[in-house]
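Order of writing sets the chain letters: A, B, C, D, E and F. Residues in each chain are counted from 1.
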Amino acid sequence: MIEGKKMLVVSAHAADYVWRSGGTIAKYIKHGAQVHVVVLSFGVRGESNDLWKKEGATAESVKAERFAETKAAAGILGIENIEFWDLPDYPMSPALDEAARLRMVTKIREVAPDIIITHDKNGEDVLNPDHNAVSRFVFECSIQANSNGVRIENTKTTRQMRLFGFEPHQTELSRFVPDQLVDISEVYDQKVEAMKCFKAQKHLIEYYTQRAFLRGNHLRRISGNQTYKYGESFSSVFPVAGDELV
Amino acid sequence: MIEGKKMLVVSAHAADYVWRSGGTIAKYIKHGAQVHVVVLSFGVRGESNDLWKKEGATAESVKAERFAETKAAAGILGIENIEFWDLPDYPMSPALDEAARLRMVTKIREVAPDIIITHDKNGEDVLNPDHNAVSRFVFECSIQANSNGVRIENTKTTRQMRLFGFEPHQTELSRFVPDQLVDISEVYDQKVEAMKCFKAQKHLIEYYTQRAFLRGNHLRRISGNQTYKYGESFSSVFPVAGDELV
Amino acid sequence: MIEGKKMLVVSAHAADYVWRSGGTIAKYIKHGAQVHVVVLSFGVRGESNDLWKKEGATAESVKAERFAETKAAAGILGIENIEFWDLPDYPMSPALDEAARLRMVTKIREVAPDIIITHDKNGEDVLNPDHNAVSRFVFECSIQANSNGVRIENTKTTRQMRLFGFEPHQTELSRFVPDQLVDISEVYDQKVEAMKCFKAQKHLIEYYTQRAFLRGNHLRRISGNQTYKYGESFSSVFPVAGDELV
Amino acid sequence: MIEGKKMLVVSAHAADYVWRSGGTIAKYIKHGAQVHVVVLSFGVRGESNDLWKKEGATAESVKAERFAETKAAAGILGIENIEFWDLPDYPMSPALDEAARLRMVTKIREVAPDIIITHDKNGEDVLNPDHNAVSRFVFECSIQANSNGVRIENTKTTRQMRLFGFEPHQTELSRFVPDQLVDISEVYDQKVEAMKCFKAQKHLIEYYTQRAFLRGNHLRRISGNQTYKYGESFSSVFPVAGDELV
Amino acid sequence: MIEGKKMLVVSAHAADYVWRSGGTIAKYIKHGAQVHVVVLSFGVRGESNDLWKKEGATAESVKAERFAETKAAAGILGIENIEFWDLPDYPMSPALDEAARLRMVTKIREVAPDIIITHDKNGEDVLNPDHNAVSRFVFECSIQANSNGVRIENTKTTRQMRLFGFEPHQTELSRFVPDQLVDISEVYDQKVEAMKCFKAQKHLIEYYTQRAFLRGNHLRRISGNQTYKYGESFSSVFPVAGDELV
Amino acid sequence: MIEGKKMLVVSAHAADYVWRSGGTIAKYIKHGAQVHVVVLSFGVRGESNDLWKKEGATAESVKAERFAETKAAAGILGIENIEFWDLPDYPMSPALDEAARLRMVTKIREVAPDIIITHDKNGEDVLNPDHNAVSRFVFECSIQANSNGVRIENTKTTRQMRLFGFEPHQTELSRFVPDQLVDISEVYDQKVEAMKCFKAQKHLIEYYTQRAFLRGNHLRRISGNQTYKYGESFSSVFPVAGDELV
């Protein structure tokens, strides 16, 4: 049951959450979930190659374009709760310090999510060290948010939530293994529209369009449900634990 | 939703299905699932050490006792559909021949299960080669059952079902990693009663009782649901593929 | 240098070599390599679902169609040396007996290949046990072909060749990791035409078209060569061993 | 304490036990252990390349030379209990049938070993499928030997013994990880002499000499004991289980 | 031989060393080893959930209770040499800085241990990032302590010691594989008494009691020694390197 | 084709590049490649045990000797471009800060290498944490050097280069798997002469001599080229991506 679920998505750069989970986000919003997105950086240094090719580009101009793009994409996906921390990237790890940690633990407790989605923790992104740094950072903050002894004023300890990892760009080289495949057919057009906002990375639009198609093939094959056409895949940090086999 | 599900459990020896999935079976039956159990052998050679210590024990006398024990256990768990193929064990692999294969493919098509549970395929049972042989055998038969081109009279091609593996006795040495934890608290007493039927392996009763307790601890920790007390764990052959993250 | 190389491709079923290595084969032939293909079975039982849906289909009619399809595809790829062993499939392993082994060792010695391509050995095809059986079979036959003490009349011991594995259908679930990516842009259209011959598996044509596109993206990213558009990927059984780093 | 230990070594081919465990065997014998060696084949097809180059070589002449070589080596190592099963090799797996299994279970029960050493089971010999087949065969036979229900006249059920794997020729490619390093300095000269008996594989003598040196380096580094000069390494099937940490 | 051995145990939080190695510590002390314990933090933030539920709890009051509990437990186990570094936890990694490193290298050189036990390094604790940080920290400090060029006044370079890892709470999810199982039957009652001191984590007492029982089952199964009843398990950083197979 | 290639080698300590890649470096230089070496530290604390044994040794005297040794070795290998960053070692990670990162990214862009060789990233050096820190550091700097948005005055964004890892000292314990074996026979004598310069680590000279011999054996076995006598091995971060299978 998606309705009423609270989901927190943490994206290292401005577009990661769109390529990797835009369909799942749109579907959750459409069916009544509350989705919060934290964009840690605009990817000015690491993921804006084409914008830098414009004559006279500066860090500020690139950032402004990235901001506009990601805001537009978020709107198309139906995201109302999105915040931009504007951390530096490439490398991001020095910015994931104690202050950032306190901020993230606080954020997690504010949202009190049933589900957190961020960069994959089971494998290792072979081309993007920022993604690995964010994966560890969010995971560790979730552990602290859940711990009663971590006292932060005006916050309430969270309950253990479900944690999922994005599929990285180079799936197999990053040793990513999909644990969960989600059908996104009904919001596929929204995702494609949202991806089109990212002019700095336009070579990725066709890439993620075709990946959604391949994941749709896998969804049909594994579930036996022939109505699935497009999908996204995620890894799980923890096993499924509940009342029955799923 | 358990109600109406069809489950096929394939057990290498007479007691495997009880130690490893007795709680899940009882719960599924209680909530309206249809459960079929195939016991491939009585474990006369490999899993009846104590019975052989009786004076005058013969293969026939041991088999008779094992049969009585496992029938009694099945009754306690509420299993109505159980069959005994009476294959030799230790080693079982020579008996898993083309005739056995045809029989198993046919059986799968008869049951048309939503779920198959058998010995784990992701790791490798480090102390019981029969379990590994059965794991591969059932998996391969499921692939054939699902294939339209495998023509067997009076059978109908099955749809891709969910496949799960039992937790083996030596969990970590067998590189078993639990993908799914199932709460069995409401049928825990039934499972304990069923286990008590196996006089040939009585050292295992306390062992699996305590494991259920440990898995209950993990269930609470991972789900945040504090009502879970006892559990069983399984591995999945395929990722979860469906409409949402679970 | 492709020119003058001898390549042996061993395909479990009628279409495997086309989906998985059709581009590489066409490229090697175009540039002067000698390519030999052995098709072990027609995939009548395991890979002809749509053909069986035709009214009145029989094993013979399905086989005839598969034969016609794969011959046409081979022609489009430029393959002159192809042979069909017509083994049963689903399961194929019982047919990979000592007679088949002798035949394959002999074949390897006849071709004396620089390169053998067959199903992947590093991972495990999670949906197709025949592929795993063929992988082991061909690998073991290659070891014997290379051994001076394996005496077969009218054959000459081969020198250690390079061995590569196909990318399976469910890449990550099969734990396949690409070791070698080959640009197939110049023969891409040929591969697409060849794939179109397989009417029994037409859902796969778009699938492998899109995979070639994704692999093209990876080729550009890893090599820095922006002219690469489409690719195929393979695993290596052995490390690269030679005069320099490649 | 080596004295009084019973050790069973199972070697796929005529020389495997010498290259891989000759030092450990000699040391155990010297210090009062009882060592039994079973040589399953003479390696006529797979490991006698140089002998086949002699003019007029036949399977019989090669076997006779291999037999003479391995007898001589065994003598140098001090082995009194050695037997030759003369199975075919390359491939050996078809010969590891039910009769061979019964014979091996019986042999294990006769020796009642504290320690079994055979080919590695944790990794996979990447160049020698016979080694993998023997590894599984011996392991499975040990399980049966230990099972009270496997009734063989005039034999007595064994107690769980320690099981160790040989280091294969291509260590890392075979994913072998050494669990136990044994100092063989005091019997090193014996091992070198024993290796020199194998004229059919003389390129291996220097190879295994140098490997003993490298393992000696590792022994010193890990133990801190600077008197160790030469070593052999093994993998363990089971953890160490006893009264203290070792 | 335990007598005369020097052991250093490094525990991230106040109770870790008790749950995970209390039996082994008590046994080593009983048989004449010298055991030193360093407790890096009191676990005020991460492992004192129940204490924080008391009305008016403060960091100071929680710390005082944790200190009292762990002192009492140490006394029951017979530990005379224990020190408390009182580092912050959740997260601990920022406190493992250069000053802490110098202090730990100095401590290792003071104790000159034959054995160091700390958190597991082969796997990764999936629920407790502090444990992973401590594991790396202690390991790296041991390397420095052993290096002659790391000059610290009034210290003497240590010899390579044996390093072992604790079994974590979620064994399989943390990919922990036991390399060494130690029988703790004779001190089991002491361990149970010591565990009872931790009122803040009382749900863990039954958990670790039952795990000791399961490990006892594994000890018997693997060693064949039927007198073993309760056990603890550890992972090894290095292989066993010595005079014989163990 | 080696001629014209640009190679950057980054060595954690003064001698690492010689033991692990001295032959490959010499061969590349001999055949017309441009090789640049960065030595991050002199290994004063971690890899100069014997020098510290000299009476009156100080950090300065040790450093001076290490500098002289490594300069001499570089000369023998034909290296003209070598620089010494003189960072502290044991531990080195605190010195790999933002300033070092900027310096390394700049260096990579200056050299614009086709190939970078540094410490292995696929496994983990089990005895030398500095090597792991350097591996990650160089890898992350290469990612930044290749990113158009990382703006550093007077530098030009690099194209994706090939990245290779050194074989560590304890190959298997460090889970190193060789992906590429390079024949160094023609420069083997040069490498041996270069190694002899390191008087502080003379026990390693024979070690790396013998390893070159073992790798020569593997080169012949895998390539079938019998002229190869000595080799070095490397791991690859990325797959081979190009116009053909290699």
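Keep this in mind: a residue touches a chain if its C-beta (ideal position, glycine included) is under 8 Å from a C-beta of that chain, and two chains touch if they have at least 3 such contacts.
Owing to the predicted nature of the structure, the values given are computational and were not obtained by experimental measurement.
A.B. asks: Taking contact as defined at the start, I'd like the list of chains shared as neighbours by chain C and chain F.
C.D. replies: In this structure, the chains that contact chain F and also chain C are A, D.
A.B. asks: Determine the shortest chain-contact distance, in steps, between chain D and chain F.
C.D. replies: 1
A.B. asks: Counting C-beta pairs in contact, which comes out ahead: D-E or A-E?
C.D. replies: Higher C-beta contact count between the two pairs: D-E.
A.B. asks: Where chain B and chain D touch, do the two copies share over half of their residue numbers, giving same, or under half, giving different?
C.D. replies: different
A.B. asks: Compute the distance, rounded to whole Å, between the mean C-alpha positions of chain C and chain E.
C.D. replies: Computed value for the inter-centroid distance: 53 Å.
A.B. asks: Just curious, how far off is chain F from chain A if you go by their C-alpha centres, in Å?
C.D. replies: 37
A.B. asks: So which stretches of chain D touch two or more other chains?
C.D. replies: Touching at least two other chains: 127, 173, 178, 218, 221, 238-239.
A.B. asks: Report the complete set of touching chain pairs.
C.D. replies: Taking the chains two at a time, the touching pairs are A-B, A-C, A-E, A-F, B-C, B-D, B-E, C-D, C-F, D-E, D-F, E-F.
A.B. asks: Under the definition above, what is the set of chain A residues touching chain B in their complex?
C.D. replies: 1-2, 24, 27-28, 115, 159-162, 164, 178-183, 218-219, 221-225, 228, 231, 233-234, 238-246
A.B. asks: Help me check something: in the complex, which residues belonging to chain B touch chain C?
C.D. replies: Answer in residue numbers: 98, 101, 136, 139-140, 143-144, 147-151, 237-239.
A.B. asks: Spell out the residues on chain F that touch chain E in their complex, using ranges where they run on.
C.D. replies: The contact residues of chain F facing chain E are 43-49, 51-53, 59, 62, 90-91, 94, 126-129, 173.
A.B. asks: For the complex, which residues does chain F have touching chain D?
C.D. replies: Those residues of chain F that touch chain D are 127, 170-173, 175-178, 203, 206-207, 210-211, 213-214, 217-218, 221.
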